[in-house]
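Each of the next two complexes has subunit A plus one other chain: subunit B in the first, subunit C in the second.
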Partner chain A sequence: MSAGRSALPREQVRSRRRHLVPYLVMLPALLFLLAVSIVPLVYSLVVSLLRFNLMNLDRTGFVGLRNFQLILESPDFWNSLRVTALFVVIAVGLELVLGLALALVLSRDVPGIGFFRSFILVPLALAPVVVGLLWRFMLNTESGVLNWIVTLFGLPRLDFLSNTLLALPIIALVDVWQWTPFMFLILLAAIQALPHEPFEAAAIDGASTWETIVHIALPMLRYPILVAVLLRTIDAFRVYDLIFMMTRGGPINATDTLSWSVYNVGFRNFNMGYAAALSWIILIIVTVIVTIFIRLLSGRGEQPA
Partner chain B sequence: MFTVGKPSPGVIVFTYAAGVLALLLFMFPIFWMVLTSFKTTVQAFSSVPVLFFTPTLENYREVLVDRGFIGYIRNSLFIGLLSTLLTLALAVTVAYPLARYSLRGERQIVSWILSLRIIPPIVSVIPLYIIFSNIGLVDQYPALVIMYTFMNLPLAVWMLRGFFAEIPRELEEAALVDGSTPLGSFFRIVLPLVAPGLVATGMLALIFCWNEFLFANVLTAARTRTAPVGLTEYATPVSVLWTQIMAAGTVVVVPVLTVGVVIQRFLVRGLALGAVKG
Partner chain C sequence: MTGTHGDHGNRAQGLGETRISRRRMLKHAGAAGALATAGRPLLAAGGAALGSSLATPAVSRAQDGITLRGIFLPATWGTVTQEVLAPEYTAQTGVNVVIDLIGRDAIHDRMGTLFVAQDSSYDIFNVDYNWVPEFARAGHLLAMDDLLSAPEMAGDDFLPRALDVARWEGVLYGIPQTVHPHILWYRKDLFEEAGLEPPATMQEWREIVEQFQGQTFGDQEVYGWAAQAARGFGNVHTWLTFLYSFGGSTFNFETMEPTLTTPEATEATAFWADMMRFTPPGINDYTYDEVTADAAAGRIATCLQWSWGAFAVDDPSISKTVGLWEFVKVPAGTASVPHLAEWVIAVSNYSQQQEEALKFIQWLESPENDVRQALLGGGDPVRASSYENPELTEATVEGFPGLLRFRRYPETLEAMQTTQPRPLFPEEERWEQVVSVPLHAIQLGEMTVEEGLAKAQDDVNRMMQELGYF
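Entry: the complex of A and B
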């Protein structure tokens, strides 16, 4: 206890100690979070400046920004960036449109609607690994049930996942299947929380359903829509499980997303220096995207933490 | 709600039609997986889908017993339960002070905790693999327990803060007036009241552990392999044991669905409550 502290009146010392207690209680958990987040990131930054291959540790050495230079000059990196961006746009875009439409339709209180609302959420609970395998089975060329449906329309069976043009959109659609319910869940809650008055006014003015949705509901749903799109974008950007289970980056490199590419370089070529540098580039890209979203969100004044 | 007054019959029919269509689309793949898990390979690979057949439990016996999937399930449960308990214990120590006191820097602490979820797991997994190899933690239970606790802690703090904030402060003050210590009133009054919230939060954390693949794939090997990683063993580039995968997939999915349907109401409320104490 310092001399200055002991000069304080007794009461004040006690109240100051009591103020510290909540922080002390929180300290272990906060330190844990700090350790598991910051230590790997700093270590990764160090590794990114090294030539560091687990299969060739003798040649380990400092190479400065060489790994970053190699990445930016590599066509594979730009391909991965394009593939990831395309995946995010297709998947999150469709999830928003379908989730919003479904939430608007099923927000009406008709008897038994709770049953539909509950069961639509089921895909959310599934392990993405199982989802990937299941869809690969259904897409199977010879015996997949989806290819059987294709033949019902008189079309030839398609090898969806071996087709460089189809593979990525198909995996995006699988993501849409699993995560549209998430958009639905958030937007349904938002719609149910909307005030009644503007809609009553619109009904009195004789506005059509479409006009009511576009001019009244959507502007009021801007904030929840942005939050839902942000959460889904963060998640879709890191897609890995589906890629691992369905195509492993192929055919050629048509589904070689950024996450898959880091995994491939790190755990199949064991080039840790390059993988660490690549993962830092990914972190920077994600941070930029999130910052843009936060700007858009805070444009609306008060925001819940 | 964006409609006013009683919906017309046309609107009701349209709503049901959309609901049934959505239900079919979202449920069919799961139905198909469960159905396939009871088929023989010949039935599963018929070029015209087989709907009626004599079900067999052979796939389950083969994958669970002969191929040792039950061992992976045990690892998944052990790691998941351990991590969930740790997550809840740590989350309470952060969520309760945040909900009960107006602390300086509260906003910053909450934003920082939530921002941790932005870091893509692939970014952490490269350095963690090197660090864990150096200290001999690869293929050891603590590796995944640590990672899953880290992964779930932000969401758990967010949800529990909402549940704690719902409990009237007066209850605790009354206990203090009656001569209880702050710690005593926390354990005897607050914790029992927040138990449903703890269960909901814990279940969600457990499901996330149960479904996780990237960390498990990199940080485990034969000894601590979890169920999602075990599934990849049956789908190699050379051959895919589809009917057994569908059986193993059913085993992975069905418990989660059962729990999910039971606690759904709690979960939705818990996620919403996190926002109450902005």
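Entry: the complex of A and C
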């Protein structure tokens, strides 16, 4: 009896320990997450409520939501938001169309296709600052290769990067040049994982290529497309490197994106309170976008197979 | 660098800057090494005390093991310091001096973040003078008045305006390393062919650039003039020379209210905007590099450019116009008042080796090394005596006998008598960003002069209110 009584608590202790194991295993990762993500996030929220300039600490003080108010009242913020949104729509939209088209074309098994698939990924391997510099040179009004091509057609040289109408679409096109391969890669993998039967059935039924793509391939690719667009949207929203290398927000303020504004305010003016508030506004916007995408994705189970 | 690398400070280096300086450095480095070796006994003998602590660098190896770290601009003066002078100082004193070269904006960012953390990793910084008030007010820079007043420093020899911009509230926080005020460059051969004299007034200059615009000389189409015009600091720095030369000002410095809509400012801006019609295609994105490239390629008849940059057009490996450029002071509106560009050397208040850092700066900016920096292809001198030194005034361009290498110096020195700095207050860097945008809108014809200046005035007013100035 006494042995049985003492065995029961020991079993309970073992059981409790077993329950603790998962938490203990997760603890280092949780602590790491807390240190590198949660604490800075909370800290930045606190900073966003302060008047806090690194070069004028004497004026530091709690100002509540004043930084947020200043941002929302600033025409520069609304311009940056508009510029960023336009950039995301142009860049991600074109990347999707081109990436999907390339994936559909290069999903076929023909000789030499492996080379093309590899070759097309080269821009992905380049650092964005290198891409920006490269294109800046190519777009130069006097010595750029693109203007040389323009003159071959007897047209006048174009100030690509100092034209308020052209600068933003051109930077978006450079982004398309670099990131379409990413879209292509995801969609190619998705296309190659599609079952053959629906396509064979469609062929037997006499469906055209266009009908097959629109009515069979695209619905089946809906979720990979959503994931790819989500990832690229988040990334495009943060565009900074290309702006830094190509226009620095100009001409006038035609390419002043939100990330560029944060850099300017935070690291050139050292106005950390304002920069933190601006960063939080960007975070909120991106979170709303992500939530919409996730809602779309979570509807997956309700769709017909 | 106040624009010496253009608005895109972190982009590729200026045209041929590094190549030129390295070649010249190689030429002079041998002599420098020999001088360093031969000079050791002299330095030891002449090492009088500098106050109580700043002795002339000792030649013994007693200081082995000390390492000074500095951040300099990757322009010629930074390269010369990194590749020739710092190693030479190490050879003389045993103090290891490690210089990192990073772009203009990156220096500013790095200084800010290091200073806030009170980080002592770096001792010495190459500083664009408009940052002095910002970092000095925050207590991050070491006061250097004692260094300047040391007899060995020959402080009286520094160009007065070069020193003035390194002060904040009367205290000196930097020793000048190079000055480069705006001067007017003009193509002597084209002017002679057209029977023209270099312009003395803005109006004369305007007539000349209009005459040259679109003309073809040989097979080269030529444009009237060029200057930095990219958004950022480029267009602001060019505009400031017009503003000052027409009698305008950026602020009422007693009240710190902006004065961007005064009749003088309006006249200056209207003149500058009108002049932009006689520039090359793509001008609105021009940085220092593009202006230099056009000058070297022979695409422009005149330009408003930093004095220091003239070395590039006399390098036959990159220039088609060697010996064809001459220099005069900036044409007068009501007076000739060029905008000043200058880099100073400052010491971190958090450095653990401030004494050694000051000794190095004292050595680097000694009268002898001011001349040597110029000969090695660094920046233009900061001492009055250097502008009269025959080593410089009689130096010729290699391979071009009779072509004076520093023929710009008389104009540079004259410009240093009248030059004006950017407005010196701690938030100047932000002020430039604010003003740059409406100025760019004026350049591009998106706003009239009056609209653009009114917006600039409003934006600066709002900024100053937010900063608590009024």
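Please note the rule applied: the second predicted complex is superposed on the first by the 274 of 305 C-alpha atoms of A that agree within 3 Å, B and C clash if a C-alpha of one lies under 4 Å from a C-alpha of the other, contacts with A are read in each partner's own complex, and residues count from 1 in each chain.
The criterion applied here is as follows: a residue touches a chain if its C-beta (ideal position, glycine included) is under 8 Å from a C-beta of that chain, and two chains touch if they have at least 3 such contacts.
Given the structure is predicted, the values throughout are model-derived calculations rather than measurements.
In the superposed model, A:Ile284 lies in contact with neither subunit B nor subunit C. Using the contact criterion defined above for the overlaid structures, shared-chain residue A:Leu133 touches subunit B and also reaches subunit C. Once the two complexes are laid over each other on the shared chain, residue contacts for A:Leu155 go to neither subunit B nor subunit C.
Put subunit B and subunit C next to each other and count what each touches on subunit A; the higher total goes to B. Contacts of A:Val47 after superposition: subunit B is touched, whereas subunit C is not reached. Once the two complexes are laid over each other on the shared chain, residue contacts for A:Asn56 go to subunit C alone; subunit B is not touched.
By the touch criterion stated above, A:Asp109 is placed in contact with subunit B alone, subunit C being left untouched. Once chain A of one complex is fitted onto chain A of the other, the partner contacts of A:Phe270 are limited to subunit C, with no touch recorded for subunit B.
When both complexes are overlaid on chain A, the residue A:Gly249 reaches subunit C alone and has no touch with subunit B. In the superposed model, A:Leu31 makes contact with neither subunit B nor subunit C. The interface of subunit A with subunit B overlaps its interface with subunit C at residues 133, 136, 140, 142-143, 244-245, 248, 267. Chain contact summary for the complex, subunit C toward subunit A: residues 7-8, 10-12, 105, 108-109, 112-113, 115-116, 134-135, 137-138, 230-232, 280-285, 293-294, 299, 426-427, 429-430, 433, 437, 440-441, 444, 446, 466, 468.
Subunit A contributes residues 22-23, 25-26, 28-30, 32-33, 36-37, 39-41, 43-44, 47, 102, 104-110, 113, 116, 118-131, 133-138, 140, 142-143, 145, 148, 177, 181, 185, 189, 191-192, 194, 196, 199-200, 203, 209, 212-213, 216-217, 234, 237-238, 240-241, 244-245, 248, 258-259, 262-263, 266-267, 272, 275-276, 279-280, 282-283, 286-287, 290, 302-305 to its touches with subunit B in the complex. Those residues of subunit A whose C-beta lies close enough to touch subunit C in the complex are 54-57, 59, 70, 133, 136, 140-143, 157, 159, 161-162, 164, 244-245, 247-253, 264, 267-270.
Across the interface of their complex, subunit A is touched by residues 1-5, 7, 11-12, 14-16, 18-20, 22-23, 25-27, 29-30, 32-33, 36, 44-49, 90-91, 93-94, 96-98, 100-101, 103, 107, 109-111, 113-114, 116-131, 146-147, 149-150, 153-154, 157, 207, 210-211, 213-214, 217-218, 228, 231-232, 235, 237, 242, 245-246, 249, 252-253, 256-257, 260-261, 264, 268, 272, 275, 278 of subunit B.
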